[in-house]
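What follows is a set of structures to go through.
Same chain, two partners: subunit A is paired with subunit B first, then with subunit C.
== the complex of A and B ==
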């Protein structure tokens, strides 16, 4: 093993981890991932990060702080753009810089930029990473191929892990779409275990990732304005397609307080949902969200959904 | 067609003059006020940033005065400003206002739409008349920016600060009433002369503070609670890092190379932030270092709550301030901002800088 590379469990980790894993394993590096978010990580994150940032970014700071004494390098790529003509959230663009200026005593940070706005630079970025780690070019190109070959999405693995009992309840009638960024939906500490709570209530959960790429592209292009955020394409496209095909009974949008992208998406999606008469609930999460209030809102929403399906057209004759 | 547009600092004066020269009837929105913000906050999505809310307030106030066409620009950057146009179009339609919204996107996003939108604005005018009219309008933006900067300078030195404020208030009131570029240029020149006649205290050596941050909050006086005037009244010399003139310089005149000043700022920001983060995040950091190099005594960063690029900048400014030993204060504005608390913070900042200066001089 050449050294230990730390990967913080936050932000883009939830989308790109298998790719990174394939790449670094092939280059013979040891990978250390921070544990699932816990209270300690959250507290350190809030302490080190600027107050105005959103909760996932604060948690990310906590994960980096956890890793900094345990590894030789920390991998925080600057993922400006993954597709042509599209960007990521500005906070992801500035993530390595925010970290470097907020947390002291860091090991070397690998902050290579993935800039594919004009033309794809994924290969170049991986080359740069390899070179900064002093690997030879033949092993780099082998590792790059390996990274691209890892087709399985981390989200699928997570889904299987979190929702091991999801299969049993497919017979229920209530299909709910859970929208939001992957780093909000799949961080169980951040969203206070909403997925398991829904499963306990016998809800069939649908994720934006379950929608086919083709549909996502088609429906996100129906917007009058070109969607210039990669994540927005997935969220808005999948919501529109499921609403249009009437495959869902309701939507729960998990957004974090202060998320600029969510403020746009919730408006666009709730407008469409209202048009089609689909109930949508927006749950905003920040470090001060109390679990009791959160549970109450969730229960109230589920009760409404059940009554709606049962009694919608029932008008009592005894008045 | 009665055209209106949202406020962006003093640009409305030049935009009004230009569109009037083109033969349109223009209804500029009333000056932003508490009422504008209240209307905007009532109808906008809760989590949107402050400029969105003020824009909505501007539109509704001008629609009430009779406007039926709204002109705004679009963008496709990572900042959410790109979605303003289409969201606002939907929002106004849902509220039941029958208005046309013209979103001017960059020609890169589709030449056909661009041509259509420009065509709507030109109407029956020839292309030649645009060429003829656009030059004085752009010039006007420059003159007005110079006037504001002059007023800041004079205010810092003036014996009676109220006199300067009076002249500027009169100017803004008059500017809405007169018509066309020629008359406004004349008015601006006259005001300039008036400002030059204000009695000043030449022996005063003012503290110099640069205002940095998100462009809209810097330019629009209502949003930043007239920070220039407030600081000027305390005898502080203020300069803004971004003005409409600088924006045009960077994005239009010197396209695609960028203006000299902005490129210098990018270079200065490089040790701290190498790549762009959208909005004006990189410029903010560059400007802070720029003002330090220019011998300023401090800077104030102003941002609307939840502005994504500026949050990144803020976390980096911490280190800049420490490295350069340079005071930087951050003020966050939103619809809940109270004027008294804001004033207290400004006064405290100026006091601290005064104290620091004394210590530096005496040792």
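== the complex of A and C ==
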């Protein structure tokens, strides 16, 4: 092994990990991923990060801090965009710079810029990384192909893992769409274990990723103005599609306090949901660890859904 | 012997205990201040119930409020329900035609939209407590007025003063400025009531269709000034139910009754439970980096419940 590369379990990790894994493994590096978010990571994150950032960014700081004494490099790419003409959240763009200024005694940070929609940009970025790690050209291009060959979406893996918990629980007819950034939906500590709480309540969870790409594109193009953020295209497009096709009974939007993107998406989606009489609840997550307020809203929402459904059944039997 | 059902609502500011009979009529009601000691207050309430009623046939118990799990452990409830559902159930029992429920408590304010007897939408305040009872409490204290007089004073105002209501901190400094300008107290209080109502409508009631009949419940409904401001702002009649301050507990009792009947027994431990000693201990688990705070509730020397851990290793 050539050395240890630390991958913080946060932000873009939830989407791009397999690609990174393919690349660094092929170059014979050891990958160390920080553990799932826990209270210690949260506390350090809050302590080191600037005050105004959203909770996922703070947690990301905690993950970096966890890794910094255990690895030779930390990988925090600057992922500017994933699609042409669309960008990532400014906090993802500035992530490596924020980290370098907030956390001291870091090992070298690999902060190469990716414009992931351009093949040439990805190639250049991976080349740059490989060179800085003193790898030879042939092994770099092999690793690059390995990275791009990684077809499986990490989110699918995470979904499967979570959904495997519900095997023995019969699901009801209640289909709820869970919206939000992947780094909120799949961080169980950050979102107070909402997915398992829903599974325990026999809810059939629908994820934005369950919607086909062509539907996401079609429905997000119905907006009067093109979506600026890639993340938003998926969130809004999948919500519009499922609302339009009447495939869901309700929507729960998990937003981070202070997230500028969420404030736009929740508004657009709740207008559409209201038109079609689909109840939407926004749960805002921040540093609080007391779950009482969170659970009250969730329980009330599920009660309401069950109440509504019962009533519908009642009506249909009358007809 | 008649049958009764108990409802307990342990909130941030008040703990309410009520007893209803088979026809959902209220026969006993206690509104106690929680004062941060929920277990002692629940015991006190049960003791008062026992003193006044003796050992009646209590056949079902429901618990609600932010302390509902704790209450359920102490008294043995048949159902543990969130405040929103409980309030809706009680409101529908009071007026089956209700379409909008405004509920303002100590730290929470809620709006519940009901259509054809079912809840179709609801909202709760977010992190900010600017539109809730504790905000009013604090301002009354600052003006040196007893909270029970507060609302009536607003009714004496002829000319309300505009107070910034978006944030409790700004409202306070705005009030001070208005006082220094020489506005009289009634007008300032009226202005504060209007500010709270505006805050509620633009924050909690945002985008909701508020149609009558409108019920106003929760502790703050005692405040006539707020009620008047709601009526002005909504241009509609607002009904305050007779037992507005214990509606959550009534809803819990109704649900408890239903549950106990369907299961055929009650978990209630009996009114003598106030004689037991309840203790709470807490430990910080150091098993992993989550450092969970584990709470343990004991009845005399028996552990009743343990919770607070993420992994389930301590839960009981």
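Everything below uses one rule, namely that the second predicted complex is superposed on the first by the 299 of 319 C-alpha atoms of A that agree within 3 Å, B and C clash if a C-alpha of one lies under 4 Å from a C-alpha of the other, contacts with A are read in each partner's own complex, and residues count from 1 in each chain.
FYI, a contact is a pair of C-beta atoms (placed from the backbone, for glycine too) under 8 Å apart; a residue touches a chain by one contact, two chains touch by 3 or more.
No experiment lies behind these values; they were computed from the predicted model shown.
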Clash or fit (per the criteria above) of subunit B with subunit C on subunit A: fit
Subunit B, subunit C and vertex subunit A (Cα centres) - angle in steps of 10°: 80
Touched partner set for A:41, first subunit B, second subunit C, both or neither: second
First (subunit B), second (subunit C), both or neither touched by A:303: second
Partner chain in contact with A:286 - subunit B first, subunit C second, else both or neither: second
Of subunit B and subunit C, the chain that contacts the larger number of subunit A residues: B
Subunit B versus subunit C as contact partner of A:58, first or second or both or neither: neither
Contacts of A:228 with subunit B and subunit C, given as first, second, both or neither: first
Contacts of A:272 with subunit B and subunit C, given as first, second, both or neither: neither
Minimum C-alpha spacing, chains overlaid - subunit B and subunit C, in Å: 5
Where subunit A meets both subunit C and subunit B, residue numbers: 257, 284
Complex contact set, residues of subunit C against subunit A: 66, 81-85, 108, 116, 118-122, 124, 126-127, 207, 288-292, 310
Residues on subunit B engaged by subunit A in the complex (per definition of touch): 45-49, 74, 76-80, 82-83, 85-87, 89-90, 94, 109, 272-279, 281, 305-309, 311-316, 318-319, 332
Residue numbers on subunit A that touch subunit B, as the complex places them: 49-50, 52-53, 78, 80, 85, 87-91, 93-94, 97-98, 101-102, 113, 115, 223-226, 228-229, 255, 257-264, 266-268, 271, 284
For the subunit A and subunit C complex, residues of the former touching the latter: 35, 38-41, 189, 193, 257, 270, 274, 279, 284, 286, 292-293, 295-297, 299-301, 303-304, 307-308, 311
